[in-house]
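Next come two complexes, and both contain subunit A; in the first it sits with subunit B, in the second with subunit C.
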Partner chain A sequence: MSFSVKTETFDNVAKLTLTGELDSSTAPQLMEEINKVIPQRPSELVMDFEQLDFMASAGLRVIIFAKQKLGTAAKLFMVKPQEQVLETLRMTGLIYSVTIVEHYPE
Partner chain B sequence: MAEIDTRIDYYPTHECDGIKYRKGHVLPFGASIVSHGVNFSIYSAAATSCSLVLFKKNASLPFAEIPFPEHFMIGNVYSMIVFDLDTENLEYGYRMDGPFDPAAGHRFDKNNILSDPYAKAIGGREVWLEQPKPDKLYPFRSRLVFEDFDWEDDKPLQIPFEDLIIYEMHVRSFTKSPSSGVKHPGTFAGINEKIQYLLELGINCLELMPIFEFDEFEHSKKDPVTGELLVNYWGYSTLNFFSPKSGYAAMGKYGMQVDELKTLIKQLHKHGIEIMLDVVFNHTAEGDHRGPSISFKGIDNKTYYMLTPEGYYFNFSGTGNTLNCNHPVVRSMVRDCLRYWVSEYHIDGFRFDLAAILGRAQDGSPLNNPPLLESLAHDPILAKCKLIAEAWDAGGLYQVGTFPAYGRWAEWNGMYRDTIRKFLKGDAGVVADFSERIQGSPEMYSKRGANAGINFISCHDGFTLYDMVSYNQKHNEANGENNMDGNNENDSWNCGFEGETDDIFINTLRQKQIKNAMTMLMVSQGVPMILMGDEMGRTQHGNNNTYCHDNELNWLDWNLIETNAGLYNFIKHIINFRRCHPVLRNKEHFRGSDYMNTGYTDISLHGTKPWQADLSGAGRVFAFMLDGSYAKNGNLSDDTVYVAMNMYWEALSFELPRLPHDKYWHISVNTDMPAPFDFHQLSHEPCIENQQSFLVGPRSIIILIGKEK
Partner chain C sequence: MNTTTVSGTFTATLDSLGSIRKFISDSGRTLGLDSGKTYKLSLAVDEIATNIINHGYTESGIKNGRIDITVSSDDKVFSVTLEDTAVPFNPLESKIPDEAALSIPLEQRTIGGLGIMLARENVDEFRYHFSKGKNINTFCVNLK
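And then the complex of A and B:
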């Protein structure tokens, strides 16, 4: 499975751009990046999902981890999730605690 | 993390075929994710050896099988930590060796791979009724779940019991019909999409028919006439007590059924709706001696099941076997299970199917002081959740009114259903009983209060309300059992014609009778329960036992809201009426005295003449008045509510009780009037001209409100 994640940080914002398929074989890569970002205590975590084609349970778990690890002090933005990813966020309830946007910054 | 990494108890000591493992922790039972590994723990009183069998998800053969070394065992518990497993893609099971000696209670078979009784998810039936690929080796596979759901500040709602309005629902039936218009029909997500509907209806508690993993293909067969597949649709046959039914989740095929169900629960709670589960602890899906060995049977048959002295299965459940629920080990499992659902899923309460079985000893005899029921009543984790018993079983034990309650247990009041149905169809001689039911059955629950009884007129077992007023006899031919199944005592009346008719008079009467029934339910003390769809006149075409139909017999037809708009609006109103009148929702029974010196007793009983209720003989009328000062046992103030019920076939004039000089009777409900004149909006009830008497139509109910003009 092809997957890549690119991290940029600026002004208390951490932006992760995800590409490809996020499943149990690739989720550890995202986890590694998340673990690098969390100690910086960003006030906004932005995940660009536009190029993310698929997200399985393992990927969801990493995002839930990030959300709970950062706590309520940080806002989570998800940029342009594709239909399958959006549906997964919706059905698993994560959508209720993140902000879905077309662009970041809005 | 680093600190845990170096802990010596998470360090592998053994290796087999490249898999690293060590002695595990005996508690908790089941499979738990620990640092870099998974802790497995399982017990068996009689196995001679055990091995852990590991599969990659959906692989036909295991990738490893690790026998538990003798020194990994403490007492009867086998435990082991296995490291570096791909937890997302893992399926596990156990192989147990031991005697095959049914007469002694043992049915070990080392050829079987067995599912973990403490598994938190089961693979094999991910998608509803999707034909599984043949898997003789290990059809129902234990899986891991992740307890990482973001509940935020959610917790069980703890709505006072007397304020509940329960809505009994089958998950799939609620939204499976295309008429539901939801994106994911027949699923937890489908219910989530309909929360606004539930709010509009006014209920505040969902009771879900079984959602523990079951096999819809169990005992499935072709209907001999139509060729249609008849399945285990209701799911009263548990495969595993800790796992949600994957086929009820749109995300089940992706292994995210737990997240979907928790999302539903969190959203329900956010909207003030509790969630109760109908739990089936009286038997399992393993059947009798001819049934499959899926889990319990092959792990510890003698512990988990009630066995006859010859080693056959007692059948108090009517389904083949009986869980040995007062064995100390099984008792603990039941308690662990309920604790898990309350703590991990935030479940608000449980309704126990055939709960009389839970009070039987291991030899089947009824216990005076059943330890299981007692321990659940006093459990600290279950302390605030609702416990409701179906207080009978298929072995003839009937404990409505006498179920061992320990100050906690409520029960389905079967007497309520029977009495209301008789009074509703105009039977003479039931007024005295009816009076008790309206008051929360104080003669049955004198010490337990009005909350002890769950009042219902219809439930999944038996006729829907619409069918109760449309059929005299059950019509269960479609079940393929020659109409022999299902209850014969329905206390129903078809209003003059068996089944569907164009007769306007009959159809009007049927609608009125449903309104009457719902009105009786909503003005009764005790906790009301409505069956899904009764608010819109759902029919099962006279079938009173639709356990096997995955079709329109069970699926709610949402078009009925339009078809029966008048009925639906009325029922919304009468539910709302209950919610806005606390005088209908007392926790303690009425005293029948004027203990607050208002000049009126908390309840007074009347007939066509005020203060003269005829509870004997041939009467078919009953009226009562509740003084609003006694709302919530005198803790809240409400209007005075007067209800007159005339189940006689001709109109009768009711003389009205006199109100204090500054108050007047206002009309709220009159079921004799056609919609939309059958009710008036709350606090817009018109004052009636004649304050002395009211002509109540044939088979009709009026509700008057006593308040200032």
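And then the complex of A and C:
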């Protein structure tokens, strides 16, 4: 199973592009990237989900961790989550704390 | 009524999660489960398998653990059964977040209970029992 994450930072934005399947075995890779961008205090954290085919609660926990570390001032964007991943965000209430967008910048 | 059954055994390591999901989705596709229900079922199974691996076996110091998976389908119900010999754990006794807890901003949320919630709420029926030293978790999806 494969998972990869690509990180770009520009201005006050950290953009992470996720590809593949995010479960308990691959979530540590995302956590590692999140831990790299947190010290830069981005005001916007963007996660491109278009190529993310699967996400388990291990992925949700990393997202919650990131939001808690960055604080209320930081905005969290999710770009184009697939329908099933979006459903998981709805079911777990994460949808209330993130902005779902078709493109970033909007 | 025709019943089809497929079984597999997986080592209880996180590396097996992808193979477990593939086993569920391949079986689902073969036995006529639509892709939306297959995803939800794979997610539910993934969450319980993760718990079994992390808490049931690894944290309990039990080595060489296995998870036996049986997929079975008839005209009405598609079901998946996970059997393991890890420490007894009943997911039905776990507290899962309610609507109020889920609407709390992420900054103030405690991280927990989401996996069990996803396991229980992504299938039509979730059952657990402990028998002859085994945890038996069963997931059922209505085909119609």
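Note that the second predicted complex is superposed on the first by the 106 of 106 C-alpha atoms of A that agree within 3 Å, B and C clash if a C-alpha of one lies under 4 Å from a C-alpha of the other, contacts with A are read in each partner's own complex, and residues count from 1 in each chain.
In this text, a contact is a pair of C-beta atoms (placed from the backbone, for glycine too) under 8 Å apart; a residue touches a chain by one contact, two chains touch by 3 or more.
Being a predicted model, the structure only gives us computed values, none of them experimental.
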| item | value |
| --- | --- |
| Overlay on subunit A: subunit C relative to subunit B, clash or fit | clash |
| First (subunit B), second (subunit C), both or neither touched by A:51 | neither |
| Touched partner set for A:40, first subunit B, second subunit C, both or neither | neither |
| Partner chain in contact with A:7 - subunit B first, subunit C second, else both or neither | neither |
| Contact breadth on subunit A, by residue count: subunit C or subunit B | C |
| Partner chain in contact with A:88 - subunit B first, subunit C second, else both or neither | both |
| First (subunit B), second (subunit C), both or neither touched by A:21 | second |
| Where subunit A meets both subunit C and subunit B, residue numbers | 24, 56-58, 60-61, 64-65, 67-68, 88, 91-94, 96-97 |
| Residues of subunit A that touch subunit B when the two form their complex | 24, 27, 56-58, 60-61, 64-65, 67-68, 88, 91-94, 96-97 |
| Parts of subunit A lying in touch with subunit C, wherever the complex brings them together | 1, 21, 23-25, 54, 56-58, 60-61, 63-65, 67-68, 71-72, 76, 83-84, 87-88, 91-94, 96-97 |
| Subunit A partner contacts - residues on subunit C that touch it in the complex | 14-15, 17-19, 21-22, 36, 39-40, 42-43, 46-47, 50, 53-54, 97, 101-107, 109, 111, 114-115, 117-118, 121-122 |
| Touching residues (chain side subunit B, partner subunit A) in the complex | 86, 88-89, 146, 148-150, 152, 184, 189, 250-251, 254-256, 259-260, 262-263, 266-267 |
